[in-house]
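The first chain written gets the first letter, and so on, giving A, B, C and D; residue counts start at 1 in each chain.
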Amino acid sequence: MHNTAILLVSCPDRRGIVASISDFIFRHNANILTNDEHADEASNLFLTRVEFDLDTLSFDFSEFTERFSPMARDFKMSWRIARSSDRHRVAIFVSKYDHCLQDLLYRHKSGELACDIPLIISNHPDNQRTADFYGIPYFVIPVTKDNKQEAEQKQLALIREHKCNLVVLARYMQVVSSDFISTFGSENIINIHHSFLPAFVGSKPYHQAFQRGVKLIGATSHYVTQVLDDGPIIEQDVVRIYHRDSIDDLIQKGRDIEKVVLSRAVRWHVENRILLYANKTVVFQ
Amino acid sequence: MHNTAILLVSCPDRRGIVASISDFIFRHNANILTNDEHADEASNLFLTRVEFDLDTLSFDFSEFTERFSPMARDFKMSWRIARSSDRHRVAIFVSKYDHCLQDLLYRHKSGELACDIPLIISNHPDNQRTADFYGIPYFVIPVTKDNKQEAEQKQLALIREHKCNLVVLARYMQVVSSDFISTFGSENIINIHHSFLPAFVGSKPYHQAFQRGVKLIGATSHYVTQVLDDGPIIEQDVVRIYHRDSIDDLIQKGRDIEKVVLSRAVRWHVENRILLYANKTVVFQ
Amino acid sequence: MHNTAILLVSCPDRRGIVASISDFIFRHNANILTNDEHADEASNLFLTRVEFDLDTLSFDFSEFTERFSPMARDFKMSWRIARSSDRHRVAIFVSKYDHCLQDLLYRHKSGELACDIPLIISNHPDNQRTADFYGIPYFVIPVTKDNKQEAEQKQLALIREHKCNLVVLARYMQVVSSDFISTFGSENIINIHHSFLPAFVGSKPYHQAFQRGVKLIGATSHYVTQVLDDGPIIEQDVVRIYHRDSIDDLIQKGRDIEKVVLSRAVRWHVENRILLYANKTVVFQ
Amino acid sequence: MHNTAILLVSCPDRRGIVASISDFIFRHNANILTNDEHADEASNLFLTRVEFDLDTLSFDFSEFTERFSPMARDFKMSWRIARSSDRHRVAIFVSKYDHCLQDLLYRHKSGELACDIPLIISNHPDNQRTADFYGIPYFVIPVTKDNKQEAEQKQLALIREHKCNLVVLARYMQVVSSDFISTFGSENIINIHHSFLPAFVGSKPYHQAFQRGVKLIGATSHYVTQVLDDGPIIEQDVVRIYHRDSIDDLIQKGRDIEKVVLSRAVRWHVENRILLYANKTVVFQ
């Protein structure tokens, strides 16, 4: 494993951005490992992700912001920097369905997800044993119509206490409130929706798909915004279904893509591969 | 190639349907080549497709209806029978985009589509050369706001004159009227829509998909009903897109799935593989 | 869940098989739920799977063989019958890699695999905790060059003791001996090979794939025969790889298809959906 | 359409390559449009593709080599530069099967392939009409055991006369000789093989696949080397097959992936997206 930093930048497109960034890194004695960019012509936006080796960097990493800021101002950059060693701290929210939870925890244990998972929050006690198996604290906060605001305050307190910077809704069967989203930040909450959005928004998408007679069903991971199932899409996938498939078969087949589509989104987020613009994501791979 | 007949049946599910049908065929000395069925529990419906060899059938095929009707009445069957030698007669409608047209004509020429294509109807002269290359009469019937009804009357007259029993809208950029649909029959008109329905109904679906930031684009072939893009889905497929893909790239990538999804639908229809129920299709393969 | 029986038949193709079987079932008052068949023209073989409801069967199921045998003899059938309530008893073999094991146990727990798993056998102690989590006895039988024969005797004794009729090699990193295969039966042992067979037979297939520069990697589940990686293929799937993918990335991406491809094979086997002929499988779905 | 140049570089990996190249382009007043790179750790090789706008370049493009060479020497680069306006000149070789030919010509006509196709060479007269339809000269050069050397001399003469720099074997059913490959250059000849290489090398791969009982069939486009079907793979894809599929069905299903896999390879080649190393390709997209 390299000891690297990842620089994510978006700014108005103009000549010299790549040259300036790569020269900055080169002048300070670091080696670029990967370098991805995207120019969106419609919005005249330039987006880039640069990963470089920190071992030979000629100044202390703590000075990066100070040293890079002048250039960032020149180019009117929105930017952030992270070290590969700065692991995201992820709070997983789950209800009763455990397939996404199991999948995330298994991938985490096998080293596929380079993040910490300090806690799991659920509105049901059902997944305690699974959390125990993976050695992760499991907090049960029941949610009802009446206590929703209070429950979310408890959730936010726990998240803060555990210093989490990402919430993953792993088939959490409650709509998260506007307040929660505003407080924690839309760009820090990832949801999995069990349809190929924008088809079948809302509840029971497999039932909707069955009624409509589609030939493929899908799953979509996305950031959570104030409008239900309308946030920037991170990843989608589909699976073919057949006329013999009942709704239960759809639910079962869907589990396999939900898992994969959510875990990819979490992985890309914690590896700092995602940039947001215009209600869309750019994922650098 | 076998000289076969295909029997398509749907009826209320009850004991003895398979036995009765297969016994009928056996008693009359014919061999079943393929036998597919589907029982839809929700609607208590039984659907089946039986293909059997005609060479040894003990009576003349012209008597089939008379001989089979008593059993059909007993089981309250909706049914139809076709010989593999009874080729569908297909009218292709097209506007300017020629990728679906080219694909259908090429597959027809190579023997993939066991139907006749006696004519192509277009509201533009652009595809005359292609029609000529494949030796198929090409009729130009311009359509404007003002002459739509009259134009459709001309289309229907041509279709009747050429004894067509299937209309394929191969990127025909006009909405077909309710009258046309009622006259020719919803179950005899196949359209290709360039999105993964029910997402992105209506016009410019690739533009809609681009705006929404989806990660896969799709195409859907379906029977045409009175409600736009809402008919029974026959086939769907998707292709992955990337952040570098412009709308033009989507359009180009989409062409490849439109072609495949439409040609599959036409093939299954002319091979008598499709049964309709509850705004859905069952496709026996 | 229906209380059903599944009849699997292969025999020389001739007129009247479908009629005779369906009539037999109908005469004895049972309802056919699904009925799949395949006629292989090259070998003049007819294969069929019929699932019928047992609740109304007019005789006791224990008499099935006696009553069906005359017809079976007439048609020279190879056949077997199983009740959906007769659950397969599966012994899972595993070494250190646990992804297939985890996946099978999770699917089993969620009800996707209608079988019993009375034991896990491993040549390493590593997966004890996982077995404990799912409450399945875990037996460690170390295998070395010198003790292989003896180890296999112990394995076979355990399998017999637990009345297993299927062995699943879930990334079991030992070649199973000819004796073991002869004793337990080639058609009762399923393996997962981490390549798209017949490409990359033998060890380290991901390394072989990386060296060859393929653009997709695959996984294959198959029955185990005396020739390494040459048995009848049950299922295969592939995943796209990119030039940035290292061998470790291939291994990781491959895990996801290995799991899916193996679990499908096990599922189809325990649901009595697989018929073998000519070193091939027919899978009725 | 931008008036751009594409720079392709491979060299030993070391600090400063990205910075030096991007600085060179920036200093000469040009804007980088896309910038892709890959570092192969095993071989310590760095590969990059940079596309930049020529409109504002501060010197005449004809001086590029002279001006860039000093830096190229410093970094020990293998490199080449091409303008997007320098269209490849492609000779298509074909025998009787016309699906790849038709697909390439159709895509060329629709603007998907940014190259010129000055001629088609065939050992059979069958595809003359298709060539005529697209207005491309068609040369018939029969090939027999006895005249092979002479025939290839004629082919090479035609290719030279038409100034072609790429040969596409679009289901050309003759093995190209070592001499031909040496003369024209392995990296300038693309073939389509109708299997998922390295499975089913050689003749009749669909028959081989059918015999082996695989569940997916594939197609592979690759550069042609002295060893049959062993050259660097450019693209591969697969399609699922079912037990009802005969060899003829495999051949038909295979056509659809052959077309797509070959046309992608040709497209990427003529867009200067492919770099070769270690019998592999890197395709920058």
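Going forward, a contact is a pair of C-beta atoms (placed from the backbone, for glycine too) under 8 Å apart; a residue touches a chain by one contact, two chains touch by 3 or more.
Bear in mind that the values here come from a model prediction, so they are computed numbers and not experimental data.
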Angular offset of chain A relative to chain D [C-alpha, multiple of 5 degrees]: 180
Per Cα centroids, the chain farthest from chain D: C
Interchain centroid distance [CA atoms averaged], chain B/chain D, Å: 37
Computed distance of Cα centres, chain D from chain C, in Å: 42
Chain C: positions in contact with at least two other chains: 34, 244
Contacting residues of chain C [partner chain D, same complex]: 38, 41, 196-200, 212-216, 218, 232-238, 243-244, 246, 278-283
Chain D to chain B touching residues, read off their complex: 34, 99, 102, 106, 110, 112, 129, 133, 242, 244, 252, 256, 260, 285
Residues on chain B engaged by chain C in the complex (per definition of touch): 14-20, 22-23, 25-27, 29-37, 39, 56
